[in-house]
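For reference, chains read A, B, C, D and E in written order, and residue numbers begin at 1 within each chain.
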Amino acid sequence: MPATHLLFWFLSILAVVAAIGVVSSKNPVYSVLWLIIVFFSISGHYILMNAQFLAIVNIIVYAGAIMVLFLFVIMLMNLNAAAEPPKHVYLKIIGVIAGSCLMIVFVAAFSQASNSHTLLRNGTGVGLIKNLGKTLFSQYVVPFEISSVLFLSAMIGAVVIGKKENPETV
Amino acid sequence: MQRIFDLVYWIPMLPFIGFLINGLGRKAISKTLIGLIGSGVIFISFCLSVLVFITTSKEGFSPQNINYFPFINLGKIIIPFEFHVDQLTSLFLLIVTGVSFLIHVYSASYMKDETQSGYGRYFSYLNLFVFSMLLLVLGGNYVIMFIGWEGVGLCSYLLIGFWFKNNDYNNAAKKAFIMNRIGDFGFLLGIFWMLSAFGTASYQNLFNSQDGIITSISAINSPVIVGITLLLFVGAIGKSAQIPLYTWLPDAMAGPTPVSALIHAATMVTAGIYMIARSNIMYSLAPTSMVVVASIGLATAIFAAVIALKQNDIKKVLAYSTVSQLGYMFLGLGVGAYTGAVFHVMTHAFFKALLFLGAGSVIHAMGGEQDITKMGGLGKKMRITYITFFIACLAIAGIPPFAGFFSKDEILAAAFANNPILYYIGLAGALLTAFYMFRLLALTFTGKFRGTEDQLHHVHESPAAITIPLIILAVLSAIGGFVGIPEILMKNGHALGDFLAPVFAHSGPVTAHNLSGQTEIILMTTSVILILIVSIWAWRKYKIEEPAAIVSETRETTGFAKAIKNKFYVDELYNALFVKPLQVISNLLRKIDKSAIDGIVNGAGKSVNYGSRQIRLLQSGQVGTYILLMVIGMLILLIIQLFSK
Amino acid sequence: MEISWYIYLSLALFCIGIIGALTRRNSIIVFMCIELMLNSVNLLLVAFSKMHLQGANMFGGAQATDAQIFVFFIMIVAAAEVSVGLAIIVMLYRNIRSVDINFLNRLKN
Amino acid sequence: MNAIIVSALWGVVMMFGGVFFKKRTTPKYWAIAGIIILLVANILEFFGTHLFNVDTRDMLHFDNFSLHFNTVAFSCTLLFFLLNGRDVEKVGQHVSEYFSLIFFVLCGVSISSSFNTLLMLFLGIEIMSIPLYILTGSDKRNLKSNEASLKYFLMGAFSTGIMLMGIALIYGGNSLGSFYINTINLGSGELPVMIAAGLVLLIVAMSFKVSAAPFHFWTPDVYDGAPTVFTSFMATIVKIAGFIAFIRLFQSSFGVMHQQWQILIVIITAATLLIGNLTAVFQQSVKRMLAYSSIAQAGFMMLALFALNDTAKEGLILYAAAYSLASIGLFAVLIKMNDYTIEGFNGLGRQQPVMAFTATVFLLSLTGIPLTAGFTAKFYMLLAAVKNGHQFWLVILAVICAAISAYYYFKVIQAMYFKEPATDINNQVNVSPAFKFLLIITAALIIILGVVPGLLIDWLYY
Amino acid sequence: MLGTYYTFPELLLWIPFVTGLITFFIKKSTSVKAWALFSSLATLVVSVISLFYSDTAHHTEYFLYNNVSYFWLQYIGSSFSVGLDGMGHLLTFLTAFSFPLIFAVTYKTEYKNSNAFYGLMLLMQAGFMGVFVAMDALVFYFFWELALIPAYFLCSKWGGEKRIQATFKFFIYTFTGSLLMLTGIIYVYLQTPALTATADHSFSLRAFYSIALEPSQQNWLFWLFFLAFAIKMPIFPFHTWQPDTYEQAPYSTVMVLSGVMVKMGVFAMIRWLLPVLPSAVAKFDHLVVALCVIGIIYASCIALLQNDLKRFVAWSSIAHIGLMGAAIFSQTVSGLQGVMVEMLNHGINIIALWIVVDIIDKKTGTRKISELGGLALKSPALAIFFVIIALANIALPLTNAFVSEFMMFNGVFQFGKWLGAFACIGIILSAVYMLNVVQKVFFGNTSAFTQNAIVLSAGQKVILSVIVVSILILGIYPQPVFQLTHDTVADILQRLAMAGK
């Protein structure tokens, strides 16, 4: 069993466990931490598939920026475990069942997928910043520009929603 | 003289014009003028009818078919508006116009107490009736006949309910119309069948001696013919008040007496006989129907006569006797004595009209009293009425040489020829007739007066306008029979028979008498003797001198007598059999409509509302639930897509 | 390594994310679960990009990068969404002092 | 491309406008100017004048259909601005920000009407959605508005996740390893499992966007909670844009294998028709009723996806126009009302004949009565569906549902004309003549389209 | 000659439409009435003139004046083509004839905001005209619906107290039916050949007649069409909207509904169902005729029990309609010709009936039969008119209805002896219920409501006399009507016969 496989299994199990942790842990803060672990393991996978750039971005953007944002918010609301009274248990069960059914369906479907046994190719540094950058700014320049619109609207949104209104003007 | 046929359409037209004038101008024109117009137009058409009659009685006269305009034209089925004139028609024209003229004259005085507009209404109705009746008689095909047929029904409806303030009269009128409608229903179906079978309804094409469709049909008793004839006969039953549709006629006496005389005795009710006589060829081809006709006729004759025995209302007695006489006519038709039947129609028109008018005169004198147990001894006060009435009784009882004798005898003879049993029953009926007629006569005119004092003072002979028609009719019913003297009494004395011969020529084999001379003589004499005995018995029995004895008539009877007095409860029976059930069914249907049919429609709406109320609960407001439902939906779609193969 | 491993892994994460979204009431955690779903997708895409390498050769290598670029865009969008989403959550918290989605039931039926 | 760039730029302009405009009323006029420019730009492109030549590497593909649809959408937006400009000001402080967000949405609309790769589809949809989350929540003090926006956001994000998974699976199943939608089209062979799964997920995600059952649950709550002006915008222009994207995607990528997944659409359509119409029957608030009716109308538009032929595309354009015009007009009337319940409309026919009459025209159009655009639109849909030749029962179901829809639309008409008005004086509605005039214009447009739909459709073959 | 500039169908269509629209903008109620009356009279004049050009003998001219077609939706092969054949002439005449009558007789009645009322009435007339002249399935459907909308508003705005629900039921019911028909139309359309270069199918009547569908297709298509028409007519058991609606609707509207709108169903059966789906007709005719015949008896029985004059007339009308339906599906010359004539006669008679009921209701203030009585004593003129009209309704000879009913019954009888016989029971029952009402309302003693005499205004007298005269004329000499519709009937029967082979 080659090392990559070992690594794969380790990371995968870690990811799944952490994911379960996210879903199950009472305290939001914990789930954030669990989620960060998931992200790290996923980045590990990226490296495994030598998509280094994405690995880094993933850690910076997600684990770094986004999760911190989450943490801030949670802290700011100082939600603790007690804040969340348990949902109706049968709804929980149904939810779990539904999710697992979905999983089963997918697995059952893909087990006879034609290309499910093709091996992943390594080498040829597609994942390197150089190549990605080239494609991004040559071929994908239009979507790149357009995504700016997305950010603009997000920004405005943050302003519109976040900014305190002074009542008398309305 | 042939040109008279260019004027034929005036015969019905004139009464129609009279109807319009009297109807529209009933407020404007004075009573006398109304009377004059009403009777005048009839008189003119009577004269025209006489001319027509003369023409038709000429040698070598061939039936005339006068086509005016296409009434219904469907390309392959054409129903023209046409008249058909032959001997039968002309005879009926005479009877109708003649009798109705007399009755118009009579009414002019009889109805003079009516209000101005009522008087006008009365005469316009009467004219309209004559118009329709003439249309019925003249019509050249069954559709036109049907038009007249329903027209007379309408007029009888209007005239029975003439005094529409009284709801009993209205009910009587409605009853008459609806019972007629039931008959018409059969008649109509008959016509439809005729149209779909032969593609035509005009006598010309059906009965023409050369190329008539019917005459070319050889098969006796073919189901089509039987069906059609029976259906037509249903119509006749309705119109001519035979069992089971006779009950309207006695009620119809609610109308003014002249109306009863004209419509419910002389003319309209004989339309059935006319129709069957008209389609004699068809009937001759359908012996089965003939049997039915004969038996129903005979049954009615007896049944009605029996009921008549116990009636105390002078008009009711006459009504039932009419029904029974009509039964005789149908018997005649049934046994193929078409001539006899028509002959009896004629004589009956005379003496029954006379009887009614006489009764009218009596009622008039008694100030509206109709109960014979409250009369008696009027003979002394009202000579003319009495005598004419007496003549009429002799005539109807069938005592020679009065009119009734010959016609009835001819029918009975034919019946004997056909089947002796028919004859015996018929004779029994004749005896009953004689009995109740003389009972009536005796109770009314002889013995002691049983009414109140002031009635007694009031009683007087009626004015000329009433008595003259009585006299004329009396004469007619006295001598009217001589147009049809049997062969054996007088060589070719049967003028009427010879006259009508061409009409009934095709049904010759059935109508032929095969009686030997002396049998006929024997029958005649026996019947005459029996009738005489009965009459005298009845006369003596009811010539009551002391009023007390009358209680025998008025007291509550029991058993069979009670049944007779109550007309065998037929009305009650019909009520229970038809009227009530109809009500029940209608109610049921209405409920079904409300609950079931409309229920389904509204139910659809309700269910939509209900569904809406339920489905909206899915919208619980919980994001969790929404996502769950989405996931489940996604699952289902996935499964269908991936595993449905 | 077979592609199917990665498929199953990312599907697993995806479904866990869904389960989380179904079972939790805290809107922030629900949101986080959704982020988890997105990440599973990213993982899958990268895996596919690797799988398509051999297809890539005939397209001059470009195709393989497509997926990774796509992942990049997904991250962008995710970031934008997070900013907006958290803003909304905060606004709500200001008003009702709670982030419990079960309290969101003024609008129903 | 004109449309995308202009709208984006104008969005930025409006954004900065927020800083510079002093009077609350100014942004409205700028916005109107902007939308007119946008419209012109788009029409210019339709006639072949490209203001900017950008090599999109065929990621965006501007054909008659998309451009024509853009025209429709922009015209509707223009109408929307004209009718509701004033009401936008009432929502909150950041008037010009609202407008700029709307412009960004329009940018998203024009992207999703002309995308050619899944990436662009994704971006387009997101650019459409994110501003809407904000607009929904823009009435900050109103708890309903907050709640609506959070619900919308959470479920929207969820559907995004599903869509992405779908895209990923399709990419995986696509042996060419490409996101171009026309490369997915593998001829009429058996659908590979992975692509099939991806397709289902995409259907789910798109159905969510166009609020088709059983993925419609956000719609009533969000439409009800959001400020009515924005509801009107969301329910009309954005929704139909979603449909355009939907049909564009599935026709060009999976059109050939239509038979293999049609059943899914059939199910969704049937469910949408039933749920939409049935639930609307019960509603007391006109606003919420319209939300459900929008679901019901979506069900009818789903018929286009069921049919997936040229008639369907024509029909969709026509339906888009008819539905948007009617709904915008109706919402505009609704906003003026003080009371959103059906009783609130009592006796409007007496008080405001013009408003009542036009509202009646809109309602009739939504019901699909001849002489209104609604009829021709429905007619085209049915025509397309029957032409398709399968599942005739679905058509029958559709018309029966149309009959049911009459049930709730006519409740409003009854209220306006046959019920006595509420007596209290503060219930009086008063509107400007200009507003009335615009309403009449709208109604006239609807009737014109109802009589000569060719005016709109024939451009497709320009 | 008008015909050379505008064809008759156009004029018949546009005059009421345009004038109707104008009416909405007239303020004074008196001038509104005058205007409406004027417009309807103009329409009547046109239609009368058109009757002189109805003779198919010199065909070219006839065709020139009576047919026209404009481009409309050429890409889907539908053109705005309108035309008049015999049946079209007949029904447009009925429409044109009944409206001025109704306007005149209700001239005294005051409707609040009358401009809307008369405007809607005229629009409705336009709708009817459109239905009767449409030579293109889509155009037909267009007007079929359009006629419904004004009716809806008229009934629910100016009707009785329970008007809203009743009318709404009526609307939804008929709307559902017509939508089903629409799907049917579309299906048939997709089977048609291309008649124009622009489209590969066509909605034109010609195209619809030219195709022969598979029996299997026809069998279910039949019901889509039949349902719509049966609801409109209405044929048992789709009749339940009718009594309520008639009870609630204002008089002048109900006159139109029962006099003309009902004919839309009959007309459509003959024009759009029989020739298009002949084999299905041949398959289901017994069933349908049975339904209709049941309807006759059923409705007559229920009419017996009605205590409200309006409901009574409604039920009696259902019975008549049932007979029409049976006659149509008997597929015989006699039956179809009968229906043609009956469409006219029933129109006239029932309007007349409504007029009288209206007068009684207005003057005595009650419609309850039980509360009326003895009217004949105080107001003989009214009584006479009513009796004549009632007799026409029970198809007494020499009234118009006799001819048509005679032929229809004859047709049904030819179709099936027993069915025919069963149907004929209707004539007995009709006599029963009619005479019941005549007796209870006009004869007997006066009641509290009928104390004071009803004096007919001169106008009412004139109108009723006109009606009575036309009743009698049509009853004695119906030949012109036969000639008018002869070709239509022949054509349809020929198509049916061809399909039979």
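Following the convention adopted for this analysis, a residue touches a chain if its C-beta (ideal position, glycine included) is under 8 Å from a C-beta of that chain, and two chains touch if they have at least 3 such contacts.
Nothing here was measured: the structure is a model prediction, and the numbers come from that model.
Asker: Could you run down the chains that neighbour subunit B and subunit E together?
Answerer: The common neighbours are D.
Asker: Which neighbours do subunit D and subunit E have in common?
Answerer: Both-contact set = B.
Asker: From the centre of subunit B, which chain's CA centre is farthest?
Answerer: Computed centres place A farthest from subunit B.
Asker: I'd like the most central chain, judged by C-alpha centroids against the all-protein C-alpha centroid.
Answerer: Measuring from the global C-alpha mean, the nearest chain centre belongs to E.
Asker: What chain pair has the highest count of contacting C-beta pairs?
Answerer: Max contact pairs: A-C.
Asker: State, to the nearest whole Å, the distance from the C-alpha centre of subunit B to the C-alpha centre of subunit C.
Answerer: That gives a centre separation of 98 Å.
Asker: Take the average of all CA coordinates in subunit B, do the same for subunit D, and state the distance between these two points in whole angstrom.
Answerer: Centres of subunit B and subunit D (C-alpha means) sit 79 Å apart.
Asker: Averaging only over C-alpha atoms, locate the centres of subunit C and subunit E and give their separation in whole Å.
Answerer: Roughly 65 Å separates the two chain centres.
Asker: Let me have the rounded angstrom distance from the C-alpha centre of subunit A over to the C-alpha centre of subunit B, please.
Answerer: The mean C-alpha positions of subunit A and subunit B differ by 103 Å.
Asker: Two-or-more-chain contact residues of subunit A, please, as numbers and ranges.
Answerer: 87, 91, 94-95, 98-99, 102, 106, 109-110, 113, 115, 139-140, 143, 147, 150, 153-154, 157, 161
Asker: In subunit C, what residues contact two or more other chains?
Answerer: Residues 3, 7, 17-18, 21-23, 25, 30, 49, 51, 56, 64, 66, 69, 73, 77, 80-81, 84, 88-89, 91, 101-102, 104, 106-109.
Asker: For subunit B, jot down the residues that touch at least 2 other chains.
Answerer: Touching at least two other chains: 605, 616, 619, 621, 623-625, 627-628, 631-632, 634, 638, 642.
Asker: Per the touch rule above, enumerate the chain pairs that touch, sorted by label.
Answerer: Pairs satisfying the touch definition: A-B, A-C, A-D, B-C, B-D, B-E, C-D, D-E.
Asker: Report the residues of subunit B in contact with subunit C in the complex, numbered from low to high.
Answerer: Listed in rising order, the residues of subunit B that touch subunit C are 616-617, 619-624, 627-628, 631.
Asker: Within the complex, which stretch of subunit E touches subunit B?
Answerer: These residues of subunit E touch subunit B: 169, 172-173, 237, 239-241, 298, 301-302, 304-305, 333-334, 337, 374, 376-377, 380, 391, 396-398, 402-403, 406-407, 409-410, 413-414, 417, 420-421, 424-425, 427-428, 431-432, 435-436, 439, 442-445, 476-479, 482, 486, 490.
Asker: Residues of subunit B touching subunit A in their complex?
Answerer: Residue positions touching the partner: 624-625, 628, 631-632, 634-635, 638-639, 642-643.
Asker: In the complex of these two chains, what residues of subunit A are touching subunit D?
Answerer: It comes out as residues 106, 109-110, 112-115, 139-140, 142-143, 146-147, 149-150, 152-154, 156-157, 159-161, 163, 165, 169-170.
Asker: Hey, which residues of subunit C end up touching subunit A in the complex?
Answerer: 1-9, 11-13, 15-20, 22-26, 28-29, 32-33, 35-36, 39, 42-43, 46-47, 49-51, 53-54, 56, 61-62, 64-66, 68-69, 71-73, 75-84, 86-91, 93, 98-100, 102
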